[in-house]
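Note sheet for the following structure.
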Amino acid sequence: QEKYTFALVPKNMNNPFFDQARDGCKKAEAEANGAFECMYIGPGEHGGGEEQVQIVQDLVAKKVDGIAVAPSNAAAMAVALEAAKEAGIPVLTWDSDVLPENKDLRVAYVGTHNYEIGVNLAKIVQTIKPSGGTICIQSGGAAAANHNERMKGIRDTLAGKESAASPGDALTGQNGWTEAPGCPLYTNDDFPLSVQQFQDFMAKTPNLDAFVPTGGFPQFIPDANRAAVEPYKDKIASKALALVVADTLPVQMDQMKEGLSLGQVGQRPFEMGYKTMLALKDMKDGKPAPADPTYTGLDVCTPETADTCIAK
Amino acid sequence: MTHSQTDTLKEGHASIGDVVGIREQTAFQKMVASQAFWVGIALFVLVVFMTWLEPSFGTVDNTTNITRNFAPIAIMGLGMTVVLITGGIDLSVGSVMGLVAIVAGLLLTWHQPWYVAFGAGLLAGMACGAFNGFFVAYIGMPSFVVTLGMLSIARSAAVVLSGNQMLYQFGPDAPIVKAIGQAKWPRHTPDGWVPRWIPELSSHFWVMVILALIVGFVFIFTAWARHLFAIGGNEHAARLTGVPVDRVKFQAYVFSAFTASIASLLLLGYSGSAINAMGTGYELRVIAGTVIGGANLMGGYGTAFGAVIGSAFLEVIRNALLMAGIDSNWQGAFVGAFIILAVLLGMQTSGKSLRATLEGMFTWKRK
Amino acid sequence: MTHSQTDTLKEGHASIGDVVGIREQTAFQKMVASQAFWVGIALFVLVVFMTWLEPSFGTVDNTTNITRNFAPIAIMGLGMTVVLITGGIDLSVGSVMGLVAIVAGLLLTWHQPWYVAFGAGLLAGMACGAFNGFFVAYIGMPSFVVTLGMLSIARSAAVVLSGNQMLYQFGPDAPIVKAIGQAKWPRHTPDGWVPRWIPELSSHFWVMVILALIVGFVFIFTAWARHLFAIGGNEHAARLTGVPVDRVKFQAYVFSAFTASIASLLLLGYSGSAINAMGTGYELRVIAGTVIGGANLMGGYGTAFGAVIGSAFLEVIRNALLMAGIDSNWQGAFVGAFIILAVLLGMQTSGKSLRATLEGMFTWKRK
Amino acid sequence: MSVLDVRSVSKSFGAIRALSEVSFTVAAGEVVGLMGDNGAGKSTMVKLIAGNFPPSDGEIAVDGEVCHFHKPIEARGAGIEVVYQDLALADNLTAAQNVFLGREMKKGLWPFRVLDKQAMINRSANLFAELKSETRPRDLVKKMSGGQRQAVAIARTRLSNAKLVLMDEPTAAISVRQVAEVLELIRRLKSQSVSVMLISHRMPDVFAVCDRIIVMRRGSKVADKATENTSPEEITGLITGAIRDA
Amino acid sequence: MSVLDVRSVSKSFGAIRALSEVSFTVAAGEVVGLMGDNGAGKSTMVKLIAGNFPPSDGEIAVDGEVCHFHKPIEARGAGIEVVYQDLALADNLTAAQNVFLGREMKKGLWPFRVLDKQAMINRSANLFAELKSETRPRDLVKKMSGGQRQAVAIARTRLSNAKLVLMDEPTAAISVRQVAEVLELIRRLKSQSVSVMLISHRMPDVFAVCDRIIVMRRGSKVADKATENTSPEEITGLITGAIRDA
């Protein structure tokens, strides 16, 4: 029997988040005993997503046997996926999806319900600060659909009412919640910058009630984050500052355990990489396709549940 | 000083005439001495090798892909070449792309006809170019600073205008926009007339070809281009000899923004969406393409062919590594090494081989 | 030609002596004519204005922050300045940072002592610099191409070495590494001795100060620096007059890589983790800082003070916009506008004001 | 009426006073020599007249009209051609391209109006031959000898019908034979009643063609004499300052 | 034994044959003039001797030893100083900095061995005064007059005790007074038995100081005569080709 090649395409390759997906992909490969090869390839940097579309086009031209992609630019990705469809290559999306009208271009979405991340982040904030206050949301990129979804989840939940489109309507007092001037902050996935922003912002607004990054950025440089958050540790402990962060990588959990955050809402990138590969293999073998969408689930963690919250 | 007219008789102009006809290099020698030529050779070798190594590389589909993928970079490379020749640099092209896409995208979502949207996009892009050109040419600021400022400004404008949304509900003209960005020619049978083994080439590619031909023509046959080169060679001298230096420099930046706008509109049509992050980081890719094709960052030298070949080279490497299934972690190392090697190859013709260089390294040195 | 020695008697050397003592500009005039000075003024005004506008801006804590944040960029700016002066460019600094961090991080996770890890990191970084320097200086390749290649190669090496993992379990020397990256001086009472109103300054800042003083000293007092400037002014002439052009150029790239390595190690200590993406895109920020501080991309001019002041300027703008609560979507526009304005301000001293420029725009033109 | 009327012009660069209150005139068809020690301000004078930069003080009139040339091109428009001391050549262009820089010959109809390269090469070749200079029109200026470069700068002034030609050391780098041709050229210009201002350190050349000699010392005019009323010895004395004034 | 022995040297640039089979010698303390039309190959000869590039053919011996200078610095090491026709100055440095470029004076002890700027300025000022040139040591070369620049290039050769000084048109841009000084300098060098090769288009200067005159035409040597056995007229004829050979 010939060996299949399945491609796992992340948004960009310089983010530890996607490394986990790759590890899942490699694990599936190992378990399949040579039935398929995991080809992990994506653009070096995020950018506008055109390069990622090119890569998928290349994979189609290369006639790989299956593609699992996390589209950066959902609309643009449709073009490449059309080509894949024509070439008869099965496609799954993971981490983020194509536009609703292009759903027929891929078999299924395997990943997080991004909106739900926002909802869960907001719920933790609400339990800490039931009466509202000022909040600052820190996002990845202004154009990142998944981050915008999460922001919408946060805003909708805090406001108690759904807005029309992501990233949602800014909070201007709904339910007692207001966004601080200058927010949301955009890190453009620059980790040192994300810490700098936190520091600057807290210096300016020491009485901030909630700070919520929609990705793990500041915690990816742990000591810098420790140094930045340390001065506010008391405030966090006394629940005066609701610092709640997305993602639950081990390095992040350590920091929560040290009292540097009051909650983490994590995704399961490893599982995304693992499941998509197995699903592609199944489809090739004539077994049924995975359900659409297949949510890989969320891990909602607070300091109390830190040791048990992550599904294994 | 006992000279007189009679000298002329003794030897006549003829003997001077003998000399003035000599060309130091024939056109062929000039070509062989150019970096673009050697990068072209390297590209050719790479293509042949890859086709042999990996059957999926040489397919018509992949050819269609590659030629489309590098076209936008090459189109911008043509504009960049013009700026580089004057001794300037344009760092704003990537951001200008983003702004153009958002302006056009907004008008499309407001259900304006495609030509209005594209026209407005072009205008917005060229306004950025005019801004750059004004501060560089008329105020005399360093181009690096001005276009770096514009890199920030245009991206910010794109973000603000888009309201941070991806725009893709393009109204009635959406099919036309899409057709512009996704058209191919010639078409295969049955729709078209050509057999399967001829690749269908994208509109991006053809726009690039036409623009490259125009720019190539301009470079060779017009006074404007001669002025560009003179400015890059010796701006002060150009000014003294009556070259309208400011105007020409201004136009160079507008042209660069124009090519960025064209590339943006093609990509807009192709992707069917406008995202304010479009073109992020492209400035370095575009400059890299042109420089690999032989343009000189210090000004005074560059060709249309070089801009195209350099961009093609970068894209083919990227594609080839993927096709060859090289571990993605290692790909950067290969790309870097190939860039250096290609240019190194081109240098061997300036009269000095790598071996000679190494031999003479601690002894004799090229200029 | 009826000249003779007796002329000397008629007017004597004295009259020539009168002339040779004249200085066209005093040191003060030179300073006032420099761009770095005016960017410094702009920076000062911005700081005063912000302190007045937004009390949280002028706090000691914020001062501590700002001075730490721009220090790594300024440190790299010192190395970049050296390269720019020779007429080159170093695009690889950001990637070199990533590689250095990963090499040092790996050794730390293998429980090596901190000095071994830091030493290995420095070596890896300077090897990249030596590679750049070799191809630029001895082979004579364009620096843009070589360092662009290295940008790819070093990043790829970092990714491969890290196995795409984030490294943060640093073994026994972790506290020392952290102390190096997070140390502050002077310390406030009670731990330290200084009163609250004096800001505690980070190790990053002090390293920058020391390096800037050294580089400044070298620029003013050593033959090596004079050779750097001569190479940037007229490389050919420098070679003819016996300047060891190749060696000096080589050293410039090694020094640039050295400063990138130092910055990387400081950030490694500060962040407590090594990520192969560290420094992505920093090349443009570093070059921007130095150019805003007055270094010339065409070579032949640059100062240590300029590198520091330019980087500081960029960081203060960023911080100030955030502090002022400017909508983040608009921030890019402000950053871009401020960059252009600061340099514009600096230009007014070359004898020509903006007003005059505008008045004379279509009539008279600065060189 | 004089073609050129320089009226008490001064020019300072920072602390350096390159010209102080210099006045003189040049009549139509007159050849005036401008002599002076190195750094006396001769080239600065030429650049002022040619509109490279404005005077710090004083004014310049051409054909009786006060001119404020803001760009070199305006001076050329007024009929002033210049051979600059530093030649003002673009090294990356060929000899022919440099000769015609800023006034290229074209052929064809718009929008296909293209450079007439062959015509420019031929015309340049003729100009070089006229100067008896073995300069190849297709050679890059970068690769040419010192004298060949100078020939290019001189050839350039021959393209238009100027009324005033400023020559800043046009014979510095050229050989005996071509020097004779340049002097001959100056005489020819004079006979067509074109005015010439010749700057040169070569006493015999100046005496061979000039009607009048102006001497400058440290930025000031120290003498302005008809050639027949002076001698090389006197001029030398004036230049060096051995003779204070005349 | 001759200081310099050029043995049937040729040099081609692409299709241009700048030198063909040129041979000559220069003895210690001899002043040799090298004359020829523009583009005859004089500067190419100088650059070959000074190690700027290697000959296409032939060899060059210094003090009887065949030399393959790969870098200009090696030629200098062998006691050859050069005034290049294009002066080889870094425009962004001052006059004094250019004079001492590549052999700066230093003071203090390592690692605090720093430039002795004042000493260099003083020494340059002295050299300029010796040349009677009003050149300010602290001025940027970019801002200097043509003759001042040339003075810098000449001053440079005075820093070492050379055994051979090659001067490629050292007097092209300088004024009468300084020309006399340069000629005087050449005589002084001769009296210290330093050899000089003088390239110049100024017949009187060459005749004033040279022991022997070599004439080149289109890359070939056409004459090599003791000064007392020839005349300016003959040399002119040889340069132009009116006299075929001698």
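In this document, chain identifiers A, B, C, D and E correspond to the written order of the chains, with residue numbering beginning at 1 in each.
Convention: a residue touches a chain if its C-beta (ideal position, glycine included) is under 8 Å from a C-beta of that chain, and two chains touch if they have at least 3 such contacts.
Keep in mind that this is a model prediction, so the values were computed, not measured.
Student: Would you mind checking the shortest number of contact hops between chain A and chain D?
Tutor: Shortest path length, in steps: 2.
Student: Centre-to-centre on C-alpha atoms, which chain is most distant from chain D?
Tutor: Ranked by distance of C-alpha centres from chain D, the top chain is A.
Student: Using C-alpha centres only, name the chain that sits farthest from chain E.
Tutor: Checked the centroid distances; the maximum from chain E is A.
Student: Would you mind pulling out the distance in Å between where the CA atoms of chain B average out and where those of chain D do?
Tutor: 41
Student: What whole-Å value do you get for the distance between chain A and chain C if each is reduced to the mean of its CA atoms?
Tutor: A distance of 36 Å separates the two centres.
Student: In whole angstrom, how far does the Cα centroid of chain B sit from the Cα centroid of chain E?
Tutor: That pair's centroid distance is 45 Å.
Student: Among the residues of chain B, which are close enough to touch at least two other chains?
Tutor: 1, 3, 7, 19, 22-24, 159, 164, 236, 239, 281, 331-332, 365
Student: Among the residues of chain A, which are close enough to touch at least two other chains?
Tutor: Residues 13, 44-45, 142 of chain A touch two or more partner chains.
Student: For chain E, what residues touch not just one other chain but two or more?
Tutor: Residues 13, 16, 71, 133-135, 139, 143, 176-177, 179, 203, 218, 236, 240 of chain E each touch two or more of the other chains.
Student: Once bound in the complex, which stretches of chain C touch chain E?
Tutor: Per the touch definition, chain C meets chain E at residues 1, 3-5, 7-8, 13, 16-17, 19-24, 221-223, 226-227, 229-230, 232-234, 236-244, 300-301.
Student: Could you please specify the touching residues of chain E with respect to chain D in the complex?
Tutor: Those in contact with chain D are residues 13, 16, 36-40, 42-43, 85-86, 133-135, 139, 143-148, 150-151, 169, 172-179, 201-203, 218, 236, 239-240.
Student: Spell out the part of chain D that touches chain B in their complex, as residue ranges.
Tutor: On the chain D side, the touching residues are 50, 52, 71-73, 76, 82, 84, 87-93, 97-98, 101-104, 106, 114-115, 125, 128-129, 132-140, 143, 156, 176-177, 179-180, 204-205, 208.
Student: Write out the stretch or stretches of chain A touching chain C in their complex.
Tutor: Chain A reaches chain C through residues 13-16, 19, 22, 44-45, 142, 180-186, 190-192, 195-197, 199-201, 203-206, 220-227, 249, 251.
Student: For chain A, which residues are in contact with chain B within the complex?
Tutor: So the residues of chain A touching chain B come out as 5, 13, 39-42, 44-50, 53-55, 57-63, 73-76, 78-79, 87, 99, 141-143, 145, 148, 165, 167.
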